[in-house]
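Look for chain A in each of the two complexes below; its partner is chain B in the first and chain C in the second.
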Partner chain A sequence: MSRPAHKRPEYHKINKDLFVLTYGALVAQLCKDYEKDEDVNRYLDKMGYGIGTRLVEDFLARSCVRRCHSYSEIIDIIAQVAFKMYLGITPSVVCHNSSRNEFSLILDKNPLAEFVEELPAGRSALCYCNLLCGVIRGALEMVHLAADVTFLQDRLKGDSVTEIGITFLKKLDEKKYRRKK
Partner chain B sequence: MADEALFLLLHNEMVSGVYKSAEQGEVENGRCITKLENMGFRVGQGLIERFTKDTARFKDELDIMKFICKDFWTTVFKKQIDNLRTNHQGIYVLQDNKFRLLTQLSAGKQYLEHASKYLAFTCGLIRGGLSNLGIKSIVTAEVSSMPACKFQVMIQKL
Partner chain C sequence: MAVCIAVIAKENYPLYIRSTPTENELKFHYMVHTSLDVVDEKISAMGKALVDQRELYLGLLYPTEDYKVYGYVTNSKVKFVMVVDSSNTALRDNEIRSMFRKLHNSYTDVMCNPFYNPGDRIQSRAFENMVTSMMIQVC
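Moving on, here comes the complex of A and B:
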């Protein structure tokens, strides 16, 4: 009887699991600490903001993207480069209005919620991935762009896809950009 | 892989978040380390399950500790444990001379008093991993000069 060959576990996948599992443990701990869903959501957003402000430096160092001249370019870079680099997925981009400052990122697969079956009972208003919103908001603010980032649809709450809405609040300040150079 | 940056940042935010809520008087100081350690415990349990799904059975305790030092540490922290010592009576000391979660903090004795906060999660990670491999243990960490640190594992005989 021959022994089956020793299969090496997929190390890079397990590495991603580390982040996903840690995030899950964090949300579970927060649910224990805070009773109201809004508090948990706000805490996750704040944490994400702190992460985003630092992550954008790492992103810019790794990706060498060129300067962007419009909001839609920025959104494309977030979707196709940043998300791919850090989470391994490429959400699709939808633009909502003619003045081109309201966009949506549609995620078919949400890697952060990979191990989540369903939201716990009594936590229906919990935005499980609210960290992502904070990260995007923090990152954009570090490049001098104010934006409102929220979850419009969430698969964990029963919607068909997960949708993140990004609304840019001010016009790109051209003068500020040139001075930075 | 870029995931490392994400995990590092998340870990640092978790540590500062737990301590910030402690400052506001919600929990006492000692509980913060426990909270972080418990989170690490849960993550360690999950990780080791994914990890050892298809690997061969471990021969004995020492085999398990070697696995933790080599494969587990390499996957999680991109390097192996530099030194493993044991007294063959249930106490193991894992020494990492360049611990990934401390390299960004300082390169010597600066901020030494804060180092334990950043090690609590990893202590829990080791404890959780061992627990799901059938070993009950107590894991503590000590730092004398960053970024080197030692994790001491005390196996509890049931």
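Moving on, here comes the complex of A and C:
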């Protein structure tokens, strides 16, 4: 009758198609509501930001990651733990500059855009997965790291891979104790 | 090897129709159009029996001297019509069924595209490639 001391959090699963179709319906509806691609991108980013600020708590609770000491460790955790946990893919990480605050995540397969072959006519500037950028930005901000997250390459726009660029803006403060993503 | 493949919407207008370019396209359009009557006849005939037993594959709709026309209807009343060369006797029923299944799967993928509105003409490249592979498939 006694409860186990440490119960693993349950992963409730849903059908991937349902999730992908829901995201697609969201983007399609935003496209109908707003004429300009920039507006759609901006609202997707805002929505993603709201999701990211909440999702990071769930992520930190489930994954029990250790404290990070550098930006590259943070990026590795985002790529290998967070993406794997929530989207089931593991993007590869590329570092762009010597001061080690600009990184890219290269996704060769994007599950959110599985059924979308190409962007509709007249929507060539649309970042279909801009929600992901907002999620990453919101999550990093909740652990007190300001970052700029954008799409550098997008397969839907004709590039060979999908690339998300993350640029950390403020210097990492190691003296204060806090859990870092 | 199919010479003409058509996808017809519930309201009986074509969503996608393609025939091998060497032949007279209008003739195939006409054949597909006339086959729709046969499709409706088969659907209504089957409707009297239990709906559960209704199969999606309709089989040979009607033969002409040069061609044979096969039909397949989905539960959402979208019809696939395929015209094959009569001289191609190597094509068995199973192969026609599998071709229709592939068509149905590709059509489902087109429907899942959030930017595709049901009732629009099908312009998906993946669908075109699949149809091309069926038409130039050498038996």
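Simple rule for what comes next: the second predicted complex is superposed on the first by the 160 of 181 C-alpha atoms of A that agree within 3 Å, B and C clash if a C-alpha of one lies under 4 Å from a C-alpha of the other, contacts with A are read in each partner's own complex, and residues count from 1 in each chain.
Here is the rule we go by: a residue touches a chain if its C-beta (ideal position, glycine included) is under 8 Å from a C-beta of that chain, and two chains touch if they have at least 3 such contacts.
This one's a predicted model, so the numbers in the text were calculated from it and none came from an experiment.
*Asks:* Residues of chain A touched: more by chain B or chain C?
*Replies:* So, of the two partners, B touches more residues of chain A.
*Asks:* In the superposed arrangement, does A:Pro120 touch chain B (first), chain C (second), both or neither?
*Replies:* second
*Asks:* Output check: A:Asp17 vs chain B and chain C. Expected answer is one of first, second, both, neither. What do you get?
*Replies:* A:Asp17: touches chain B and chain C.
*Asks:* Is A:Val27 in contact with chain B, with chain C, with both, or with neither (first, second, both, neither)?
*Replies:* It touches chain C, and chain B stays clear.
*Asks:* Contact-wise, after the overlay, does A:Met47 reach chain B, chain C, both or neither (first, second, both, neither)?
*Replies:* Only chain B; A:Met47 stays clear of chain C.
*Asks:* In the superposed arrangement, what residues of chain A touch both chain B and chain C?
*Replies:* The answer is residues 17, 21, 23-25, 28, 115 of chain A.
*Asks:* Can you tell me which positions in chain B touch chain A when the two form their complex?
*Replies:* 1-7, 9-11, 13-14, 16-17, 21, 26, 35, 38-40, 42-43, 46-47, 50-56, 74-76, 121
*Asks:* Which of the residues in chain A end up touching chain C in this complex?
*Replies:* Per the stated touch rule, the residues are 17, 20-21, 23-25, 27-28, 31, 115-120.
*Asks:* In the complex formed with chain A, which residues of chain C make contact?
*Replies:* Touching chain A: residues 109, 112-115, 124-126 of chain C.
*Asks:* Touching residues of chain A toward chain B in the complex: what are they?
*Replies:* Interface residues on chain A, with respect to chain B: 6-7, 9, 11-12, 14-19, 21-26, 28-29, 33, 43, 46-47, 50-51, 54-55, 58, 62, 85-86, 115, 131.
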